[in-house]
Each structure stands twice: as structure tokens, then as C-alpha cells.
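Chains here go by letter, A, B, C, D, E and F, matching the order in which they are written, and residues are numbered from 1 within each.
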Amino acid sequence: MIELFQVNKLISAALDEDIGPGDVTTQSILDGSELGRAAAIAKSDLVVAGMDVFKAVFLFVDSSLSFSGNFKDGEKAPQGETLAEVSGSLSSILKAERVALNFFQRMCGIATAARSFAEAVKGTKAIVVDTRKTAPGLRILDKYAVEAGGGRNHRFGLYDGVLIKDNHIEAAGSITAAISRARQKAPHTARIEVEVKNIDEVREALCAGADIIMLDNMRIEEMRQAVFLIYGKALVEASGNISLDNVRGVALTGVDLISVGALTHSVKAADISLLVKRT
Amino acid sequence: MIELFQVNKLISAALDEDIGPGDVTTQSILDGSELGRAAAIAKSDLVVAGMDVFKAVFLFVDSSLSFSGNFKDGEKAPQGETLAEVSGSLSSILKAERVALNFFQRMCGIATAARSFAEAVKGTKAIVVDTRKTAPGLRILDKYAVEAGGGRNHRFGLYDGVLIKDNHIEAAGSITAAISRARQKAPHTARIEVEVKNIDEVREALCAGADIIMLDNMRIEEMRQAVFLIYGKALVEASGNISLDNVRGVALTGVDLISVGALTHSVKAADISLLVKRT
Amino acid sequence: MIELFQVNKLISAALDEDIGPGDVTTQSILDGSELGRAAAIAKSDLVVAGMDVFKAVFLFVDSSLSFSGNFKDGEKAPQGETLAEVSGSLSSILKAERVALNFFQRMCGIATAARSFAEAVKGTKAIVVDTRKTAPGLRILDKYAVEAGGGRNHRFGLYDGVLIKDNHIEAAGSITAAISRARQKAPHTARIEVEVKNIDEVREALCAGADIIMLDNMRIEEMRQAVFLIYGKALVEASGNISLDNVRGVALTGVDLISVGALTHSVKAADISLLVKRT
Amino acid sequence: MIELFQVNKLISAALDEDIGPGDVTTQSILDGSELGRAAAIAKSDLVVAGMDVFKAVFLFVDSSLSFSGNFKDGEKAPQGETLAEVSGSLSSILKAERVALNFFQRMCGIATAARSFAEAVKGTKAIVVDTRKTAPGLRILDKYAVEAGGGRNHRFGLYDGVLIKDNHIEAAGSITAAISRARQKAPHTARIEVEVKNIDEVREALCAGADIIMLDNMRIEEMRQAVFLIYGKALVEASGNISLDNVRGVALTGVDLISVGALTHSVKAADISLLVKRT
Amino acid sequence: MIELFQVNKLISAALDEDIGPGDVTTQSILDGSELGRAAAIAKSDLVVAGMDVFKAVFLFVDSSLSFSGNFKDGEKAPQGETLAEVSGSLSSILKAERVALNFFQRMCGIATAARSFAEAVKGTKAIVVDTRKTAPGLRILDKYAVEAGGGRNHRFGLYDGVLIKDNHIEAAGSITAAISRARQKAPHTARIEVEVKNIDEVREALCAGADIIMLDNMRIEEMRQAVFLIYGKALVEASGNISLDNVRGVALTGVDLISVGALTHSVKAADISLLVKRT
Amino acid sequence: MIELFQVNKLISAALDEDIGPGDVTTQSILDGSELGRAAAIAKSDLVVAGMDVFKAVFLFVDSSLSFSGNFKDGEKAPQGETLAEVSGSLSSILKAERVALNFFQRMCGIATAARSFAEAVKGTKAIVVDTRKTAPGLRILDKYAVEAGGGRNHRFGLYDGVLIKDNHIEAAGSITAAISRARQKAPHTARIEVEVKNIDEVREALCAGADIIMLDNMRIEEMRQAVFLIYGKALVEASGNISLDNVRGVALTGVDLISVGALTHSVKAADISLLVKRT
């Protein structure tokens, strides 16, 4: 769930960025009294995410606009569907259009990708999770969209989860040293996750008492072995170069979680356009 | 050129988002005194953009870090190259890592794509330009990266260029009405651009005195005709579903500008990773 | 048109500045239950600008106040007229009064001056435009008021227009060099304006292909010559020490635009006072 | 004294406003490596105020610029004098120029006017003070400039002084009622000032124990009478339509303070220009 | 009186701090459709302060909640009383709960302490005032709560009152020097207060014309002497290590004001809990 | 560890709050050239916390001040010790003094209390943790101070830990329902904590698979029983009305964690004063 009071700050910044001191086109062509209606059309199949944000941009610009969404976040919308309609002052609609679409197309794009991954692992025990590789400043929306698409969220930031990566192990000296210090000093509410690169490291992580073990860039065969070793003693997460092509194979190794950076670092915007009619 | 005082606000927000009340992993494993060096490695060929931003994130977290960049924005870096090095407090490096990479990978990704488009139209008169389809709040960086990659910037927002789109024409009644109102009321410093869908509209736009005519989603043959008609009387911009596959064909019609939304709305992050060594 | 979501930030800052931790006078004298009505009276003839801002300040302090404006922006109000009325909590009215008037008096003052200039050039082809010489942070309001008064806006900032001034020419080496670089690298949506000091420079600017030529501090006779030379090949702007006394003479030379810094850098506040009655 | 950490916020906002996403002129003409020196020249006699702010703008844009001021705040600078010099990157100087001058010209303009008023009352006991009629958001600078010019500051806002105006008296029922409530409830650190319109009200204010009595728009003769009545029992402030023409007459009535709204609500910017040389 | 537009900023920051990217407990357990009602119960006797702030937090999170307060600020609420009720979405109530209580418990705690002090000096002429020893960023609320409890506010900050402390006297050389400079240069609206440590300093302060004399850490007998000396010529404030145990003794010396830092620097939160029922 | 870029925002807000438009006392008495040195003296035994924040306030006001701290966070300082010294401009020191002390005294006060609790449970397995009952906006400092004092931090906010309280159980229907939903939907990185009121609920929580069980307001005997039941299957946290008087008894029951709201909701400021000498 997104808190609207947080999203409003992002919307305000995005509108400042786009409108700046004024929309010179709209202001010179329209006199502000023209009324109209706009339909947001899916130009290809997509999964909806961010309908509230899409709506909020229009209302931020002009609270007298009226907006109705035809889909809920998480629903599939086939190509050609009208996702939402907004009506009222044409000037206001035209000013808000691009910013509203920039948010919505990114969020639907993320949700659509997340859905593809979620469907690819259907029937296995694996769930697809995101990473911290999000657009700077937009993490709250990027992660929300992953969840709307059917993925799950990994930690939000450096503050809400202990994840010991190769660089931390290098700094600490060894997996065992790193885990033991974390166990002593990290918040008691947090599980401890550690990244490992091979079977020996899996063994060390298990001995050291890791709660979650992340298999980084392992081959399928190795992952299967790791899952067998770890069985029940920790959660297992697969990570590194996961794509739609290989995700099912990874899932079938029996891992619990598969993290996919591309979900948010390489977003393909959903194709949505706004069709405006003067009324 | 990016103004650092503006980028610093984005960096501050991104660090707040990622670090929040503290990096629980680093703080529990390191005591703050450990020193190290990190190398940012290109994991595939890329065009560099945002080196100053990458650096600024590290220095924002800890001004005592020392940073050296090995490439300038706009330079190509082959896979395997060390793009930059940073050394000093390991804690600081690990805290800054993800945010620094999130900015840098996005910007290099945009520049790399822009370079591909620029190279695809080489030898023609066409230049590739971006659009307002950027990540909300990051437009200044997205557009900078397009330019570093060899593209050029279209207007920054609704405030610095008159662009009459189909929705404005619908609102105004006709192309002629829209252009004539814009001519009267828009800033005298701005050229007037209008979007047209077919040859009849091209003719109307020319008569009405458009400075720039945007051919929206036209077929190649139509574009060639439009260019012939317009010749010298206005700049010609092609727009709509431009991809690496079709961009050269479009360029060969003789258009002046080709705008590509995908450059910024569907970014593929450049593959860069940070290799840390304790020293 | 002013976007209210931008103006609200200025209003909030101005109220913080004026009210700080509380209005000690009002709070010690009134108990908050007193009702009243206030009339904003024009103490001299003026042109109205900023009625929405005036209203917004009162509503920002207390959304239960009721406000009615008797004039539209751009209308003349003779001395003695009631410009607007606000009624409701007396405490709220008294807290908002000064900030509301500070905005409104400045904006009406600017509009009134702009109207005088606009009337002085009536019947000529010249239009009066503003400059970037505005009160820091208030440009959006200052420029809006110029337009409400009957002037037009020059570029809003350094970002939305190319204006090559003497200092840029000095830096580039020559007018020709400056224009040619700008032509190559500036946004294709922008016209290129250059400042010249004499007839020789006018010629150079014309050859170099300037879109707009600004005659800086030229004598009337020289301006007439410049207009003759340029005729039709570029827009002509007169600039420098323009006052009500000389503006018509300048306009009669045939220039297209006359920019007047004093419109916004030396504002005379309109004389408006708030008459409060307890009810 | 101005706190630089507060001024920096104003400077940052003003630069955002002016530079926005970038200075398209400077960036297209210069490559950033050009060096130069700029001199700020007084184009007419003026009193300096805001030298630190003028400097801070340049350094905010580029901390490697070097700046030297030739005058101190409060000093007179005759026409033709070089007020300050700045040298370093030409791009940086050109980007900062307008914002720096907008601050400085306003502040010097205020100080110059304040000096004229201060000199006009020389030899009398009266001191000239400002009001809350300042440009929204810039009060701290406006009031600082008044003091640099030789005036003194009245209260900064509604929070740091009790000033019972006609509208408060209307709300409270009578001068006596207003003062007595203020005495009871206002901060014990504050003196109580009340606005009166005639001699009867002066008497009532005295009886009620006002610490400061503001004579609003009284005729000279009445003021003299009021001063005689009040003598020693309260401070006396004259207010309303004070100009350079009448201020000495007012001062000679024996009032302690004369408040002048025009000092800050109707500022005439000092004429200063920046002369740039490439080096 | 607290301005809600100022408090909203504090509430927004506090909710950001507590909710961050989302309430993981509530979001995983509730689906957002559950309704309920919550009662805020006084777990011990207290004086109410901040009811509007308490309400505002709930409404900030969800404007559809309905809230009713059963007590006014300044009223005593015995243990067991229901202070306020809020009903609507259970998710919203649970998200807002802790932040709402953190504000309200602190404010009621301060008011309750202030009431104890006020009652301890009842019947004497002394009034109890606060200091600038408040929680950073919360001064406006801390001081409001003191007043709701029956205390009075000393100056709000360094800007709205002249208070010459030992460190200023050390800097100025003597009490006389400090007061005389303040008299010359401080705002004419401000009374001048000076801190003294013994009877000799009281005499010097009187001669120098202090408006308020603060007796710092004096013994009761000395205070009585000081009050006798000063009688009528200045206000007298007692300060330093005032507690409930000794405040009446101090008051009986005849001082006008007693300032108590502990009121705000060592707050004991009022014991209030929120009882939630699903409906 | 506190990130200075976050603390700087709090310092800036606190200085704005205290200094506002200027320190009228210091500015009227000093001319800015006076130099001095100040010593921060412990007026009673305390545990140091926030030395970096204390320092940062002085340097924020004036970066030319020189500061040296004599203690590290977490060290005990006996009454009479000089905690830190700062020297340079007297004006700057006097302006920063109160804000610097307000931060430092609160943080040292919290650390001192935390140390008392930590020492009271010495030799048992229990550790003392804080809660979310912090001063709004200051949580990052409050929690840091708890850790400096020898306590540990519970979750920072609603986002970084699942804690199912009585109100959530009421909303979910039962402990079992609440835990099972949380298990399904909460982040996989989080442990699940549940609040119970009696032994029956302990059993239900265990069966439902809670990772941490919080015993709310139980009697000592019950806690002992609960610890016995839970032994090894979950962490045990005691909560509710813990004071220095009863904390050791609670610790001896064998619980793992004891959370103490009073550590941060009812802070007693450490007694520290600044002794200034002119040099």
C-alpha cells in the first residue's frame, strides 16, 4: 500500500519539473474554459499498477477534474482497453498528461514484467522478489509495482534487513566473522542473510547460522546441490542474471526466493496513450 | 552540463531513501575504521555518462573519500574496463555503493542507447532527440545522459518550447487556429512546433506558418513526401515508434530530427559492478 | 496563468516569515471567536493582478474564511473601489492581512506600471516585455503581473531562451562566433537572440543569422536605422534605460519589442488597504 | 547581521528559478574552460548593502571563483566605482550574474533610500524605521539593508512585537480594552505599541499605559501636540505617507521614530552592472 | 494558538520517520477494509494539551477518519477518562497511533507539569514561565503546552527578546556596558532583561536601566532583598534549579516571574493509551 | 552511527527555530570581532552521547570555530568534568549555545538513563531495548543515544519489523490468524514478533510460530513461567511499566529483551552548562 502523503511529494516535484513557470503551449492556445474528456488506452497487453498515482496527478493539478479508473492494480488489461477516464478542464488535463503517464507507464511496465516472472515460476515453491536497484527517489513506487505485478518485496533499504554481500565478507575477513558480528550487533528483529558463491561457502554460512542464504550467480546444478544441503535450515535465495529465459529452471532447483534486479533497473514502460476529446 | 547544486538534492533524497535510519549490515559488521578501495567495472561495453554524479554520491556520504574517474562522459568504455576508483573508509564506500550505481547505471544505460541511435543515423542529416518521457524527478539527469551519448535534447518541459500536439489541435478546433493563437500569445523567443498525421495536415501547418513540423507515426513514403513539401520552410521532426531497426530508414527520408521516447522511458541499465578490496 | 500548487509554496514561506511562532498581538487581544468582514480598498487608481494569490493567502491561513473578488486580473480599478471582501474569523483575517497585501500590492503595482507602458506604445507595432530583473524567488508572480498589466513576458530564465549578451560575445570572441556556436548546440526549439551596440554589430548579427536582434542602449536615430536594415529578417528588440518618458519615441522607430527592467526591479507597490469591521 | 545558512536557502531557490535545467546560452557558446574577470560597477551613487550575499551567489554556483569586495555594507559608493570583482570560470560568472545582481541591486537600492531618509532627519532625535511591508520571502534581506543604510528595524513579524492597529481596536472594542488584554496576555518581554488617529486617542492610550504610541497619518500640528502630551511617558512613532519631502518636518515635531513603508514596498533597484573581460 | 499549517510540517516529518516505506505489520495482517473505533484513555490524572495535534495526525494519515475530542486543552482529565475517540479504517488508525500518541503524551505531560507549578504558586503574584530549553524542532508545541497548562511563555527564540546573560556580560565587559549597548541597538519594541548573580549586580542593573532583572540561582533571602530593592522599577524573574519543592518559597519572595527549564527539557510523558475495537 | 547529512537537517531546523531573523541580544551587544572560548561542563555525572551533534551545531553556525571533545560517546563523565571546548568568535558561540546544548543534554540524558538500566541487568542474559516512543522528528538521535548508553535498538519504525500488538490481534481475530497472515505476506527478511498478555496466549503464539514473543505487563511469576515454556523456541521480550526499581527482577526471569519506553518518552536532560570566557 502506498501512503498518498508520500506520493504527493513525488508528484509535486515531477510537476514542478515538467510545468516549471507554465505550460506555454496550452496557455497560448486555450483560454482555460474548454472542457473535455480523456481516455487512457492500453496500446498493448499490460498489468495495471499505480492507478491511484495516475489519478492523483490529475487531481493535484486541478482538484475539480473527475476521474474514474476501470481497473484495479494487479489486474490484466488487454490491448485496446480504456484503463481510466478523466474529464473536466481541458487545460488541466493537458498540463497533467505527461507527468501522469510517466508515473503510470513506468509502474504498469514494472508490474507487467513482474507478472511475467511470477507466471514463469508458477507451480514451483519459488517467489520472485525485487532488489534495491530502483530509480533514485522512486523506490516506493517501483517496489509497489513489483508487488502489484505478483512479485514480492525484498528489503526496502539498508535499514530494514541484514544482507551480507561479498564486499562485506571481504571487509570482515570471512563469512563466519561477518555473520557472528551481525548476530551480536544487528537488530534482534532482523533475519540475517548472506551471499555465497559456491558450495563451500554454503557450508560455512550454514555453520555460522545464517537465516537466509543467497546463491550468487551459481550454475543450476550447484544451486540444486545447495538447496539439498540447506534444506530446512535456512531460506534460499537465487540471484544474478536472472531472465525470463532462465527463471523457471532456477525455480525448479527448489530455491525459496529469486531476486531479479532487471524488474526495476531496466524497466520497459507500458504503452499507454491518452486520447482527448473536446466536449 | 549539470549544476551540482541541483544534483545534490537528488542525491540527498536517494540516500535518505536507501540508508534511512542507518545501514544495519555495515554498522554491525564493520567498526568504521576499515579502509579499502573499490573499482567500478564495466561488465559490458557502454558509453559513460554521469561520472560527476557517481563521484558526488560517494563524496556526499563521506567527503574524505578519494575518487578518480578514468573516463569522461561521452567516452566509450569496453567490457572489463575500470571506469573509476574510490578509496577510503570501507563503511562509507559500502553505504554509498548502491545509490551511486543506481544513478550511474541508469545514466550510462541511457547514453549507451543514445549512442546506438546516433551511430545508426550517421552520415544522414538527422539528429536524434529525446522527449519528456523521463523518470519523474530525474529529467535533468536523463536528458544530460542523452546528450552525453550523442543525442540532442528536445524541450525540457512544458515551459521552454511550444509543441502543439493532436490533443491541442482537438482543443483549438484546427491546426490553423492553434498555430495562429500560439503565434499571438506564445513567447517571442520560442519557435512553434506542430504535430501532424498526414500530408494534408503538413500543408495546413506550412500555410499556418509552423517553424517545426512533427510527423507523427507516418509511413516512410509519406515522410519522404512531407520532407519534399516542407523543404526549407520549416524543420522536420519524425516521431512515433522509432527503434534501432527503423531509425536509419527514417533518417534517410531527409528529416532534421528524430525523437525517441524509448531513450528515457525504457532504459536498460548499463551493467556495472563495484569490486571492493580491503586495504 | 499561475499554478496554485506553486504559489502555495511561496505563500507558506511568507506566512512562516511573518507569523513565525504566533501573532502575539492578535492572540492576546482576541479570543478567536470574533467575526468580522474586511474590504480591500484601492487608495489610488490601479490595475488588478494577483487576485487569486490575495485570496489564497487568506484561505491558507483559514480555509473557513469566505472571499469574494470584485475585479478580474487586468481590470482597472479606480481609487476608492472595493477590490475584494473577506469575512469570517477576525483573528484569521488579521493574521493573513499583511502577507496577503504584500503579495497583492506588489503584483498590482507591477500591473499598473505595465499598463502605463502598454498604453504609451498604443498604436505602434511595439510590445512591451519584461526581463529577468525580478525579486529573487518571486519571478513567477512578477512576470504574471506584467502580463496581467498588458505587457508580455520575455524568457523566464536562462533555460528557455538563447540570449547572447555582450558578456557572451566577449567570451566567444565575436558575434559571428557566438551565434554560430549557439546555432549548432542550442535547442532547436529556441530562437537565437543577440545583443548589439551599434549598426556594424547589427550587420554582423544579420549575416550570422540571428533570429532576434536586441539594440542595447542605442540612440533613437540609430534604432531607426537598425530597424530599416533588419526589416523582416529578424525581430528587433530595444533595451536599456527605457522609461515612460521615452518609450513611445522608441516604439515609433518600428522595433517589435521593448524590454523594460524597471517593470520588476523597481516596483512601486499599489496603494491598497484593508478596512476591517467587527460583525 | 545575516546568518549565511539562512541566506543560502534564498540563493538556492533564486538560482533554481533562474537557471532551471541549465543556461542554454552559456552552455552552447562556452565550453567551460574559458576564464575571465568581472567587475561590478556602480552606475550611479549608492549605499552598499548585501556584499556578502552578492559574493555568496557566485560561490554557490562555483566555489572555485575568487571574489573581492571593495566596499563594506553601509559605505557610500560614488558612480563609476568598482564595487567588487570576481574572477575564474567565465561560464560560472555568467550563470550567477543575474541572480547575484538581483539580490545586490535590491539591497543597495533599499540601503540607498534608507540613507536618504536617515540624512533627512539628521540632527533631530527621530530615527527612521522600516515596516513589515517587504517582498514576500525576502524580509530578512530587506530589513538588513534598511539597517545597513542607516535606518533601524521595527519588529520582524507578528511574533516579536505587540502592535495594536486600528483593526485590532475595532475588534477589541476600544483602545483601553485592547491594551489591557495585551498587558495581561502578551509576553512580558514585549513593549506594547498602539496606533492612534487623533489627540483623544493619544490620551486614552496614555491612560491605558501604552509603551509606544504610533501616530497614524496625523497632521504636523497634531503630532506636535501629541508629542507634547506624551512627553517621556511613552515612545512616539509617526507613521503613514512619509516621504523624503515631508520626513524632516515630521522629525522636527519631536517624535522618536518614523516608520516608512516605502523603504521596502517600493524599492528602486540600485543601478549596478557587471563588466566581464575574458582573460 | 498553534497555526495548523506549521504543525502539519511536523506531523508529516514524524509520519515519514515512523511509517517510512510502509507499515509492514498492518499491511500484512489487515486488508484495509476493516473498520474500528479507538479510545484514547488517560492512565493517570493529566492536563490536556494538543488535542488538535492529536486529531490532525489521524486526519493526516486518512482524512476519512472521524474524530471527537472529549476535553479542551487546559482541562484536567482524571485517570480512566476517555480523552478522545477516533473511528474508521482500522489500518489507518493503527498507522497513526504511535505518532499521534508521541505528540499528545509529550504535550499533555508538559501541560500537567506546568499546572503543578502554576498551582504551587497560586495566591502569590508570581507567574511560571518556560525557557528555550525545548526539544529541537518542537518548540512551538512545547511552549503551547506550557501555556495550556497554566504557565506563560518567555521569549520564543533569540529574535524576540533581549536577554543579557552572564556570557554576554563577560563578552561586553560589564552589566552597564551590555545594557547601554543593548538600549542603543536593540529593537525599540523589546524590553531589556539582564541576568544577575548577587545584590551588587542587581544595583548595577537597576542603575543601567534594565526593564527586567533575572535573579540567577540566588538564595531565597537574597531574592527577597533584590525584590525589595527593585520594587516597581523593573520586573523581577527568578531562575535556576526551580523545582516543585522550592517554587512556592521562591514565589513568596515577591518575584514577578519564575522560569523553569525542566518544564520542557525534562518532560515526563503523560500516560495515555489507545484502546482499539474492531466494529 | 549517525549520518551527518541527516543530522544537518535537524540542526538547520533547530537553528532556524531559535535564531529566526537574528539574535537581537548578541547583535546589539557584540560587534562580531570578539573572541572567546567556551567549556561545556558536566554539572552532574553523566554518560556522553551526541558529541558529534554538539560539535556540528557550532560548526553549522560558524565553520571557523574550533572544537575539541574530551570524551567519546558512551564514556562516563563525572560531575565537574569539561566535556568539550569550543573557541573562536564569541558571537557565533553565543548564537549556537542553546541549540547545541538542547541536542546534547537530551542525548546525554538518554544515554545516562540507558546506562543505568544496562547496569541494573548486568550479569543476566537480558538486554535493554528502546521503543518507538521518541520525540517526533528526533528518533534517529534518541535511538542513537540509547545505544551509546549501552542499550540496544528495537525496530526504528513501522517499516523495519513486524510487531503484532493487541490492537492488531483484535483486528485480525486471533493470535493465530495474525501470525499466519504475517508469515504469508510480511517481508521474508523480518522476524515476526507478537505481544501476549498471559500464558494461554504464550502457548498460542508458540504454536503459531512466532519468532519473538513479547510479554506485556505480566507479573514476574508469569514471566518466569513463560520463559520456561518458550525456552529456545523464540526470543522473549518483557514490556510494560519497566523502571529501574523492577528491571533486575524482570531480567532474572530469563527474558532475552526488556523494552523501556521511558528511556525516550520521559527524558531527563543531563545537566550541562557552557562557561564562556572572552580572550
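For the reader, a short list of remarks on this structure follows.
Rule of thumb we're sticking to: contacts are C-beta pairs under 8 Å (C-beta built on N, C-alpha and C of every residue); 3 or more make two chains touch, one makes a residue touch a chain.
Keep in mind that what you see is a predicted model, and the values were worked out from it rather than measured.
The interface in B-C, C-D or C-E that matches A-E, meaning over half of the contact pairs are the same by residue number, belongs to C-E. Look at the CA centroids: the one farthest from the centroid of chain F belongs to C. When every chain is reduced to the mean of its CA atoms, the largest separation from chain A belongs to D. Centre to centre, using the average C-alpha position, chain E and chain F are separated by 21 Å. Mean C-alpha positions place chain D and chain E at a centre distance of 33 Å.
Distance between chain centres (mean CA atoms), chain A to chain C: 44 Å.
In chain D, the residues touching two or more other chains are 19-22, 27, 95, 139-140, 156-157, 159-163, 187, 190. On the chain B side of its complex with chain C, the touching residues are 129, 152-156, 159-163, 187-191, 193, 212, 235, 256-257. For chain E in complex with chain F, the touching residues are 10-11, 13-14, 17-30, 34, 36, 38, 90, 94-95, 97-99, 101-103, 105-106, 109, 132-140, 156-168, 170-172, 178, 181-182, 184-187, 190, 261-262, 265-269, 274, 276-278. Within the complex formed with chain A, the residues of chain E that make contact are 12, 15-16, 19-22, 27, 32, 60-61, 91.
Within the complex formed with chain B, the residues of chain F that make contact are 1-3, 5-6, 139-140, 143, 156-157, 160.
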